[in-house]
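What follows is a pair of complexes built around chain A, which joins chain B in one and chain C in the other.
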Partner chain A sequence: MPAYTLKRTFVALLILIVVSGLTFSLSHLSADPALTIGGEQASEEDIQAIRKLYGFDRPIHVQYLDWLGRALSGDFGESYHYKQRVFDMVSERIGRTMLLGTLAILFALVVSIPLGTLAAMRPNSITDRIALFIAVLGQALPTFWFALMMIIVFGVWWRWLPISGHTQWANYVMPTIALGYYATPALMRLTRAGMIEVLASDYIRTARAKGLSPASVLFKHALRNAIIPVVALAAVWFGFMLGGSIVIETIFNLKGIGWLSYDALLRSDLPVVQAIVLVFASFYVVLTLLADLLNAYLDPRISVR
Partner chain B sequence: MTDNSAARSLVFRQRQTAEEILEPSPWSKLRRRILGNHSFLIGAVILAAIFAVAILAPLLAPHDPYDQDLTKRLTNPFWHEKKIDAAHVLGTDKVGRDYLSRLIYGSQISLLIGFSTMLISGVIGTVLGVTAGYFGGRVDMVVNFIINTRLAMPVFLVAMAAVVAFGASLTVVILVLGLFLWDRFAVVMRSITMQARDLDYVKAARAMGCSTPYIIVREIFPNVLSSLTVVATVEMANAILLEAALSFLGFGVQAPTPSWGLMLNEGREYMFFSPWLLALPGVCLFMLVLAINLFGDGLRDVTLERER
Partner chain C sequence: MSGTILEVENLSVDIPVAAGMLHPVRGIGFTVSRGETLCIVGESGCGKSLTSLAIMGLLPKTARRNADRMEFLGRDIRNLREREMARLRGGSMSMIFQEPMTSLNPSYTIGNQLAEVYLRHVEQSRAAARDRAVFLLEKVGISSAASRLGQYPHQLSGGQRQRVMIAMALMCGPELIIADEPTTALDVTIQAQILHLLAELQREFRMGMILITHDLGIVARVADKVQVMYAGKTVEEGPCETVFDAPMHPYTQGLLRCIPIPGRTRRGERLGSVPGIVPNLVGELSGCMFRNRCDYASDACAGLRDEPTRMGDGHAYTCLRAPEEVLGERQPAEAP
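Let's look at the complex of A and B:
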C-alpha cells in the first residue's frame, strides 16, 4: 500500500507537470504576449523592451521551467492587464467557485438519489419511465441555454431572483440549478441501477423476512450500500463542474475563477489563464488520486496488480 | 428399406422446417428489436429529419441566411400580434436577417462540427485504446498516462485558450474539439479490446501465426464496433454542445456564420424584449442532441441483444 500510494502520487504530479507544460507552450507559441502587454500604440522598440523585461526572448522551455519553479513556491506571476499578483486574484475568487460547485453537486445528489430510488422500487413502472424520461431530456438540455431561459422566466418575467452578482445567497440559486441539473441524469441512473441490484440481494430478502418495515429495509439497508458508487461518481462530477462553471459564472456575472478565466482570455492575460488551468487540473488529479487510494484501501487486490 | 429412409428423411426435413419457423431469422430478430425500441425509432426519425433539413437547406430556406435588411430589424415571429412580417415566419434578428433561414442553415454547422469532431477523436481514441488494450504492459501504461493527462485538462478552458491562440474559425473549433474529445473512445476501446484479446478464436488466430495487424483488424475490431458506434453518438452530442457553448461565449465560430450557439450570443442583448431570439436556437440544439442521445441509447439496446 505505501508503495502504491507513492507511485500514484508520483504519476499525479507528472500529469500536472505535463498539463501545465502543454498549456504553457500552447499559449506562448502562438500568441505574442509582448504585443498584448504593449497594447496597440506600442512601437517596435517598446515591444523589444517588453520582451527583454519579461524574458520572452528566452527559449520556451527555459521560460516554462522558470514559471514552474516560481509556481511551486506559490508565485504565479503578475497579471498583464490588472498588474496584480495572480495568486491574489485567484485566491480572492476561488471561494465563490468552490461554493457554487459544492451547492451544485449537493443539488444534483438531492434530486437524483430520491428519483433513482423511486425508479428502482418498481422497475419498468410508470414512475420509473417518467424518471428515465426526465433523465433523457435533462441530458440533452444545453446548460448555458437552460441558464438563459431561467434568467428570462425567473429573473425578467417574474422577478423572483437576481440575474447577476455574487453578494447574496439568492445569487447562487439559478447558477446552482443550471450547473447541478446536468449531473443528475448520470447520478440518477447509477442510483437506480445500484438499488435494483441491491434490492434483489439475499440480505435484503432476509431483512424483509425478518419483518422489518419497508422504509427501514429501503433506507437503512439498501440505500446505504447502493449510494457508495454514486458518491464516488459525484466526486468526479465535482471536478467537471468546476470546468462547467466558466460558462455559468460568465452568464450570471458571478465573479469566481470561472468568470476570471473568461475575462483573462478576452484580454489574453496568459499568467491568469495558466494559473487557473493548473488549479482546475490539480482538482481533478487530487480527486481521482483520493478515489484511487480509497478504492485500493477498500479492495487491497488493486494495489498488488 | 428405401421407403423407410425416405420417410425418415421427410420427417427430418419437416422437423427442420418446423424449427426454422419457430426460430426467426437473425434479420427478422434484429428488425423486431429495432421496431420494439421506441427511443431508437424516435431518435432515428428526428435525426433523419434534421439531416434532411441540413441537406435540403438551399431549397427549404425562404431567404438567404446572410441577407441583411435594416428596415426590417427584429420583426416578431408569427404567434405575436404586433410587428410581424408575412415574409419572415419566425421573425428577423438584429440586422434583419430571416431567422428561420438562419436556423435551417445552423443545422449544417452543428452536424458538420459533430461529425468531423467525432471522426477525428474517434480515430485518435480508437488507435490509442486498441493499442493499449491489445499490447498491454508498458504500452498500456504509457497510453493510460496520456489518457489521464488529457482527462486532467479542463477541456473547455483549454479549448478557449487554443481558439484565442490560433484564431476563431470553424476549422480551428473542429480541430481543437477533435484533438480533445477522444478520451471516452480510448477508455472504452481499451477495456473492450482487453476482453476481446483473451477470446478463444483470437488466441487461435495468434496460435496459427496470423500477423498482429491482421488479428487487430479482422478479429478484434468487429468486436469493438458496436461499442464504438455508441461512444461515437455520445461524443457527437458532446461536440455539438461544446461548439454551441464556445460560440456563445465568442470563442467559437465567428459572425456571420449561422451557428446556433452564435445566434444565442447575438440574441443575448435582446433577451428582455425578444426572448424568442434565444428560445428558438436553443430548442433546435435541444432537439438535435436529444435525437442523437435517443438514437445512441437505442442502438446500444439493439446491438447488445438485450432481451426485452
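Let's look at the complex of A and C:
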C-alpha cells in the first residue's frame, strides 16, 4: 500500500505539471493579453509599453517558468480587470464552490446508492421501475431548467427557500439538489448493475450458506464489492461538480469560482482563468488519486497489480 | 433412530421457466445418520446440486420446494421461516461449494470470514473465534495458520481456498455437512488430499456428510451409502459395496463401466460410456426417463411407475427388469 500510494502520487504530480503547461500555452495562443489590457483605445506605443511592463515580449517558455515559479509560491498575478490579487479572488470564493460540490455529491450518493441497491434486490419489480424513472428524469431534465423550476416552486410560489446568495445554509439547498440530481442517474445505474452482479456471485451464496443476517449479506458482503466502480465514478462526478457548477452558481447567484471563471472568460482576464483552470485540474487529480487509494483499500487485490 | 440427523422424503423442486414448468428434482428421499457419508451421484443436470440447495434453503427465489418430510435433528424444516433457517445454516448444517476460487469474498481477510460465522452462531467473542479459526486452519492442513488470518483470498491457491472453505464449514461444529463437488475445480493431486481431509474430519467430528459428485472413484473411497440420481429421480440406492458389486439399474451399470476398476478392468480394454444426453425436464413427465439411452428399453418402460424393487439391506432400484434377469446377465460379463 505505501508503495502504491507513492506511485499514484508521483503520477498525479506529473499530470498537474502537464496540465499547467497546456493551459498556459493555450491561453497565451488564443488571445494577445496586451490588447486585452490596453483596451480598444490603446495606441501601438501603449501596447508595446504594456508588453514590456508585463513581460509578454519574452519567449513563451520563459514566461511559463516565471509564472509557474510564482504560482508555486501562491502568487498567480493580478487580475487585469479587477486589479486584485488572483490568489485572493480565488481563495475568497473557492470555499463556496467546494461546499456546494461536496453537498451535491453527497446528495447524489445518498440518493443513488440506496436507490440502486433497492432496485437491484428485485430487478424489474415496481421498485426497480420507480428508481429507474427517477434516474431517467434526472438525466433528461436540463440542469438549468430544473433549477429554474425549483426557484419558481419553492422560492416564488411557496417561499420556502431563498433563491439567491450564499450567506446562509438555506441558500445551498436548491443548488445542491439541482447539481446533485444530475449525477444521480449514472451513479444509481452503476450501483444497481454492480449489486445485481455481486448478488449473483458465489461468495454471496457462501455468505447466505453461513446463515448471516440479510443485512450482513447485503451491506457487508455485497455492497462493499458493488461500490468499487461507484467510488471511481463519484470522484469523476465530484470533479465535474466543482468545475461544472458554473450554470448553477450563476442561476442562484452563488458567487463561487464557477461564477468567477465565467466572469473572467467574458473579460479575457487571463491570470484568473489560468489560476482557476489549474485549481480545477488539481481537484480532478487529487480526487482521482483519492478514489484510487479508496478503491485499493476497498479491494485489496488492486494495490497488488 | 437416535443417530438420524436428516430425513428427507419425496423432495421435489419445480422452477417456472419460459417454456413451462421445469422439474429438476422429482421425489428424492434419503436419510443421513451421525458419522455416515451419503454420496449422491449423477451427471450434470440430474438435480443433485439443487437437492443440496433445497435442504439448505438456498434455492433461487423462483424455485418451489415440496416434500412429504424434511426433518433435521428431529425438527421439521419444511416451513421454517428464513430467519430460523438462517440460524441452522452455517451453525448445525453447513455447506462446501464446488468453486473455491470464487466462493470467498475477495474484500475481506480469511480471518474475518472465518470468525464471522462463529460470531453469528456460537458466541460473541473475537478471541474465541480467532482461536477456533487457527485451530481449524491447522486441522485442514494450512501452514502457519495464525499469520494466514490476515491474508486475503487472492493470496491463496485454489486448494488452500478450499481448505479454508472446509474450515469455515466446521467453525460452529455442524452436525451435517454438505459438500457439493468439493474437488471438481481442483488439480488431480489436490483432489485426493482434499477428499482424504474431508473423510478424516467427518470421522473425527462424527458428522453426517452428504457428498455430491459425479466421480465414482470418489464414491468408492468414502461413501457408506450411495444414491444414484438420474433426471431428478433416484434410480438406485444402497450401501456402497453392494451398489458397486451388484449394480442393478442400467444407468448405474453404465456409469461403472466408465471408470477403470483395479482387478476388474482388463489392460487395453476400452472403457464404456453412456451415450446420449440428459432429457429435457420441462412439462409433464412420465415413465422411465432413461429409456431413450437404455440398451434394455422396451415399450413398457414408458409406463414405469416409481416403485423401487427392494433387494434387502437397503439396496433398491427403479427399473422394470427383474432382479434374476439383471443378475443373470451380469454373470458372464463379470467372469474374465
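By our rule, the second predicted complex is superposed on the first by the 246 of 305 C-alpha atoms of A that agree within 3 Å, B and C clash if a C-alpha of one lies under 4 Å from a C-alpha of the other, contacts with A are read in each partner's own complex, and residues count from 1 in each chain.
Criterion: a contact is a pair of C-beta atoms (placed from the backbone, for glycine too) under 8 Å apart; a residue touches a chain by one contact, two chains touch by 3 or more.
Predicted model only: the values in this text are computed from it and were never measured.
Student: Where does A:Thr184 make contact in the superposed view: on chain B (first), on chain C (second), on both, or on neither?
Tutor: neither
Student: Quick one: is A:Val11 in contact with chain B, with chain C, with both, or with neither? Answer first, second, both or neither.
Tutor: first
Student: Which partner, chain B or chain C, touches the larger number of chain A residues?
Tutor: It is B that touches the greater number of chain A residues.
Student: Regarding the shared-chain residue A:Asn225, is it in contact with chain B (first), chain C (second), both, or neither?
Tutor: Touch status of A:Asn225: second partner only.
Student: Given the touch rule stated above, what does A:Leu137 touch, chain B (first), chain C (second), both, or neither?
Tutor: After superposition on chain A, A:Leu137 lies in contact with chain B alone.
Student: Touch test for A:Val277: chain B only (first), chain C only (second), both, or neither?
Tutor: first
Student: Could you look at A:Gln63 and tell me whether it touches chain B, chain C, both or neither (first, second, both, neither)?
Tutor: Neither partner.
Student: Applying the touch criterion given at the start, work out whether A:Thr206 contacts chain B, chain C, both or neither, answering first, second, both or neither.
Tutor: In the superposition, A:Thr206 contacts chain C only.
Student: Quick check on my understanding: which residues of chain A belong to both its chain B contact set and its chain C contact set?
Tutor: none
Student: Sort out for me which residues of chain A touch chain C in the complex.
Tutor: Residue positions touching the partner: 201-203, 205-214, 216, 220-221, 224-225, 298-301, 304.
Student: In the complex, go through chain A and note every residue touching chain B.
Tutor: 11, 14-16, 18-19, 22-23, 26-27, 29-31, 136-137, 139-145, 148-149, 151-152, 156, 242-244, 246-247, 250, 261-262, 265, 268, 273, 276-277, 280-281, 284-285, 288
Student: Under the touch definition given earlier, write down the residues of chain B that touch chain A in their complex.
Tutor: Touch list, chain B to chain A: 39, 145, 148-149, 151-158, 160-162, 164-166, 237, 241, 244-245, 248-249, 251, 264, 268, 271-272, 275, 278-279, 281-282, 285-286, 289-290, 293-294, 297.
Student: For chain C, which residues are in contact with chain A within the complex?
Tutor: It is residues 56, 58, 82, 85-91, 94-95, 97, 99, 102-108, 116-117, 120-121, 152, 154, 165, 168 of chain C that touch chain A.
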